Amino acid sequence: MEHYLIIIVSAAFINNFVLSRFLGLCPFIGVSKRLDSALGMGMAVIFVLTFASVITYMIHRFLLLPYHLEFLKTISFILVIATLVQFVEMVIHKTAPTLYESLGIYLPLITTNCAVLGAALLNINENYNLLESALNGFGAGVGFTVALILMASIREKLELARVPRSFKGAPITFIIAGILSLIFLCFKGIIAE
Amino acid sequence: MWYSGLKIKTFRTGGVHPHEYKGLTEECSIINFPVPQKVIIPLSQHIGKTAKALVKKGDMVSEYQLIGQKDGKISANVHSSIPGKVVDVVMACILNYQVLSVVIQLEGEFKTGNLKKDEWEPLKKEEILKRIESAGIVGMGGAGFPTDFKLSPPPDKKIDTLLVNGVECEPYLTSDYRLMMEKTDEIVEGIKIVKKVLGVRTVFLGIELNKKKAIKKFKDRLTSESNIHVVPLKVKYPQGGEKQLIKAILKRQVPSGGLPFDVGVIVSNIATVYAVREAVLFQKPLTERVVTVAGTIVEKCGNYKIRVGTTVSEVIKEVGIHGPIGKVIMGGPMMGINVSTVEAPVMKGTSGILFFSEKEARSIDYSFYKPCIHCSKCLEACPVNLNPSMLSILGEMEKWEDMKGYHLQDCIECGCCSFVCPSRRPIVGWVKAGKALSA
Amino acid sequence: MYRLSVSPHIHSKASVSRIMWTFIVALMPAMAASIWFFGPRALYLEIISVATAVITELLTGLLLKKRITLSDGSAVITGLLVAFNMPVSVPYYVPIVGSFFGIAIVKQLFGGLGYNIFNPALAARVFVMFAWLPEMTTWNAPLTTSGFSKLAGFNFSIDTITTATPLAIAKMKGMAGLLTEFGSKMGMYKDLFLGKCPGCIGETSALALLLGAGLLLLTKIIRWPIPLSYLATVVLICLLSGNDPIFHLLSGGLILGAFFMATDYVTSPMTPKGMILFGVGCGLVTMVLRLKGGLPEGVSFSILFMNALAPLIDRYFKNPVLGVKT
Amino acid sequence: MKIQELSKGLFKENPILVLMLGLCPTLAVSTKAIYGIGMGAAVIFVLTCSNVIISLIKDFIPDKIRIPSYIVVIATFVTIVDYVMKAYTPELHKSLGIFIPLIVVNCIILGRAEAFAAKKNVLDSFFDGIGMGLGFTLALTLIAVIREILGAGTITLKLLGYGWIVEIPHLNPMIVMILPPGAFITIGLILGFSNILKKR
């Protein structure tokens, strides 16, 4: 049990996907302007990351490995993720229109979010089993969402600050990310053992 | 202590304690101000529609003559304060905005003499209200809400309490205090008249503890009156604000965007109550009021009974000023408006005229404000529990629309936030701009 | 024509420089203690750090064409706090880089005084901590004689014996290790309270820090909610986890952090509720890091972490506006 | 004409400093100069090849499956690079880790395919690929050099036993610079300063 908890906490905080693994930076910079859109994006990413982790694990375990097709890993994963995102979009659209309205615009953006493919590849590299993969994906999504929400709340406050013109937008966002990353660095020690 | 039997009350949220400066004029009895040579009488000295001008250039008018006719339900009559000749009916700059005003040059004689005194007890409620209306009485605490309108609340609002506002929480001002000291009986009579109009059983008279003599005087006077109670209040600005006073005395909360009658209360100022008595007993229109004239550079500080329309220049001539004037403030120093010209007239709501020296004026210069350091002193000081810091930052960035999200409309502009702000930010200025621009 | 301005026309005596300079005065006892226990080198570090902070503020101000706000003293505070958060043996470039990072990047790039999201001194401390971990975690025992006597002779030497901070001892060897180090429990409390123990130069003397904190509380420059909830949370967690609360209160940078850094206006929430939550969060993270973390100390990290959460707290914990139904 | 396609990627439309594309690998692998060059080489290869192929086949692809087809093309070349590097430079491959396969979702590649190769002829696309790739490599290596000097006190230009490792004397490196915070702060400052230069 503790082992699984550590996987989640580790993926979410200790090795935060955005702040210490540098995955998913584009949406992190792009969608962190407003808190409500950050929330929507975060939820969508958690959803997709968890599912994608499970499905890519199964493809790798039951399709690629038995037939020695590992060289198709990259290409098959990216196609599966793209299909999954499409599928999820369709399903949500049909079953939960209100959820679709809040998540809808973020879903297409997720295909090119390298956090999703990154998590899938990491699961393979770390030799995680199915449950571990799912938890790792979920934890990664939570970590992404936490970082995104923190950044969005800070940037909303910074809207009203006199940031030098050349540093407005991406530059100051990266500097904030740097300081957040400093903070997350000190969590590293907690589950180091 | 002598008032130990009474419970001392105050409001809980926010508030500040500015230095009082009341010693300058506290012991100055009310003096009649000499008749001015010229008056400028604005036709809008109240909230609501400007009165319709009844005179034109060249007309002769007598004292107490109606020169502005009440226009619509929320409006008030305006009368001439001196006999004379109408020199002009123009848009004049009053308190830094343009208002249609009647300019009268003193001419002819005062014919009115002693007014006949009526008994008020036999008068019907409607008759009393009619007399208040025709005398053009408005709230004299500053806001200028037409009193006849205020005293006839909608029938679905059940009014159970009248609060008489003797707080006078603004520094420097003592005009209400002098009125309370010198016209105690008249004020009590006025209270009874208002009480009859409203048909309420209970009346509370709120007076702050820095006016102990007035509290004692009213307490002694009211021993025989079982339904009129004096309530001593802890000194705290802005206790004279309607909502704060209701909270302090009755612990009732006026809802956002509501008026006192929403919680069954009517609040009336001491000076207004006094004017109501004069209007009802003598059918005398509101053409003069007690004004505190004070400031370190004023030679003859005091409380003057000044005719409405008397200009600042006449006041300066009479009281004498030594040294250059930096600022002229109509009203108290916390909420008063400073005027740019000596042509600004005394109005029905002018409770004080303050003269600041150049040095005093320069010490509060909002053009050199600093960034907000988020010290949250303003949050602590705000009597409405707003976030003035956010309002000021949004105002500074000219995001007027966003200010609404921070309850801009609930701000009473009391100035507590700016008063305590270490960065000396003109928060009230931004709020006023926000209210004007986000509507 | 008379001067025109908006109301109010009178003002309390409060001003930014008054607040900041009082704050600096409140830091003076701790500064004296740092020299007393660690010798003139502590003073030297403080001077270097403050000078760097002030010069950086001046230069960046000129570069960014800002109104120069040196007189408000906030740069001096940042410089002092950066130095306070370092061991006495650090090379001189550490406070220089730290102060520069704090002022130029964490403060001025965010818009200067009043706009920074993170406490510049804390961010600087964490930055140099990860930049030069060995230098930042080498501790010297306090001097056995008063450091003031060395001051006159410009004697910058420091005790060469390196040792471990009380928190590190507690982490490695537990209470038994602390007792052998200090002799007795009362002796330990006394030494920790006075500041006679290895640690960052400005954080060791609880006595000196509390004197300054008293001044700040009396002048109402800082308010109770944050320090109180911070310290109370630490005590509560200590009691629940079977640790010595007095030891944890007095050791490390807790007093310095709770009264002088967590209370930083700009980087903490503005409403009483938010402040309490902020303090509780600081206490929680501090104790998690102290008891479970890889490094023995957690005060700077925890406050910096809560700085990042402050905008979120401010957003969700607003004062209820009177008369508005929620 | 061709020179323009080549040079615009270096400065005026530098993918990292100006277009802000491909930031994830930039931050992740910029800890040593050689990693920057290696990553850059991989990107140049994939970008150029996919640009050429896409501009060749653009007329045969139905519009509806445009993006998926591009992704398949890109992923093919990424797999080739992945395996080639694994075979010949295993050390470098291990250091760059998942960021080699992640080139697939690097926005530069899909971005150029969509914005350039799908509209222009083969030769232009080829030079565009090379130019953009070089610009990416240049910026990435610049950041890597800065971080390595400050964070490790060295400049590593050594691969498979060839090349040098330059050591900067008298410098006590700031380890934080080769840790994630250093990456974020460096790129933040570089983007800011490049904005200042742009406005000049």
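Read from first to last, the chains carry the letters A, B, C and D; within each, the first residue is number 1.
Simple rule for what comes next: a contact is a pair of C-beta atoms (placed from the backbone, for glycine too) under 8 Å apart; a residue touches a chain by one contact, two chains touch by 3 or more.
In this text, all values refer to a predicted model and were calculated from it rather than measured experimentally.
Chemist: So which one's got more C-beta contacts, A-B or A-D?
Modeler: Pair with the higher count of C-beta contacts: A-D.
Chemist: How big is the gap, in whole Å, between where the Cα atoms of subunit A centre and where those of subunit B centre?
Modeler: Each chain's C-alpha centroid was found; their separation is 61 Å.
Chemist: Would you kindly tell me how far, in whole Å, the mean C-alpha position of subunit D lies from that of subunit A?
Modeler: That pair's centroid distance is 22 Å.
Chemist: List the centre-to-centre spacing of subunit C and subunit D in whole Å, with centres computed as mean CA coordinates.
Modeler: Result: the chain centres lie 42 Å from each other.
Chemist: Measuring centre to centre with CA averages, how many angstrom lie between subunit B and subunit D?
Modeler: 72
Chemist: Would you mind listing the residues of subunit C that make contact with two or more other chains?
Modeler: Only 105, 109, 111-112, 115, 127, 130 qualify.
Chemist: Please set out, as single numbers or ranges, the residues of subunit D touching at least two other chains.
Modeler: 176, 179, 181, 185, 189, 192
Chemist: Could you say which residues in subunit B touch two or more other chains, in rising order?
Modeler: Residues 371 of subunit B each touch two or more of the other chains.
Chemist: Report the complete set of touching chain pairs.
Modeler: Every touching chain pair, ordered by label, is A-B, A-C, A-D, B-C, C-D.
Chemist: In their shared complex, at which residues does subunit B touch subunit A?
Modeler: 371, 393-394, 397, 399
Chemist: Would you mind writing out the residues of subunit B in touch with subunit C in their complex?
Modeler: 13, 16, 18-19, 96, 171, 243, 247, 253-258, 325-329, 333-341, 354, 356, 361-367, 370-377, 379, 383-387, 389, 407, 410, 413, 415, 418-424, 426, 428-429, 432
Chemist: Which bits of subunit C are touching subunit D when the two form their complex?
Modeler: Those residues of subunit C that touch subunit D are 91, 93, 97, 105, 109, 127, 130-133, 135.
Chemist: Flag every residue of subunit C that touches subunit B in the complex, lowest number first.
Modeler: 1-12, 14-16, 18-19, 69, 72, 111-115, 223, 265-266, 268, 270-271, 318-325
Chemist: If you look only at subunit A, which of its residues touch subunit B in the complex?
Modeler: Contacts found on subunit A: 160, 162.
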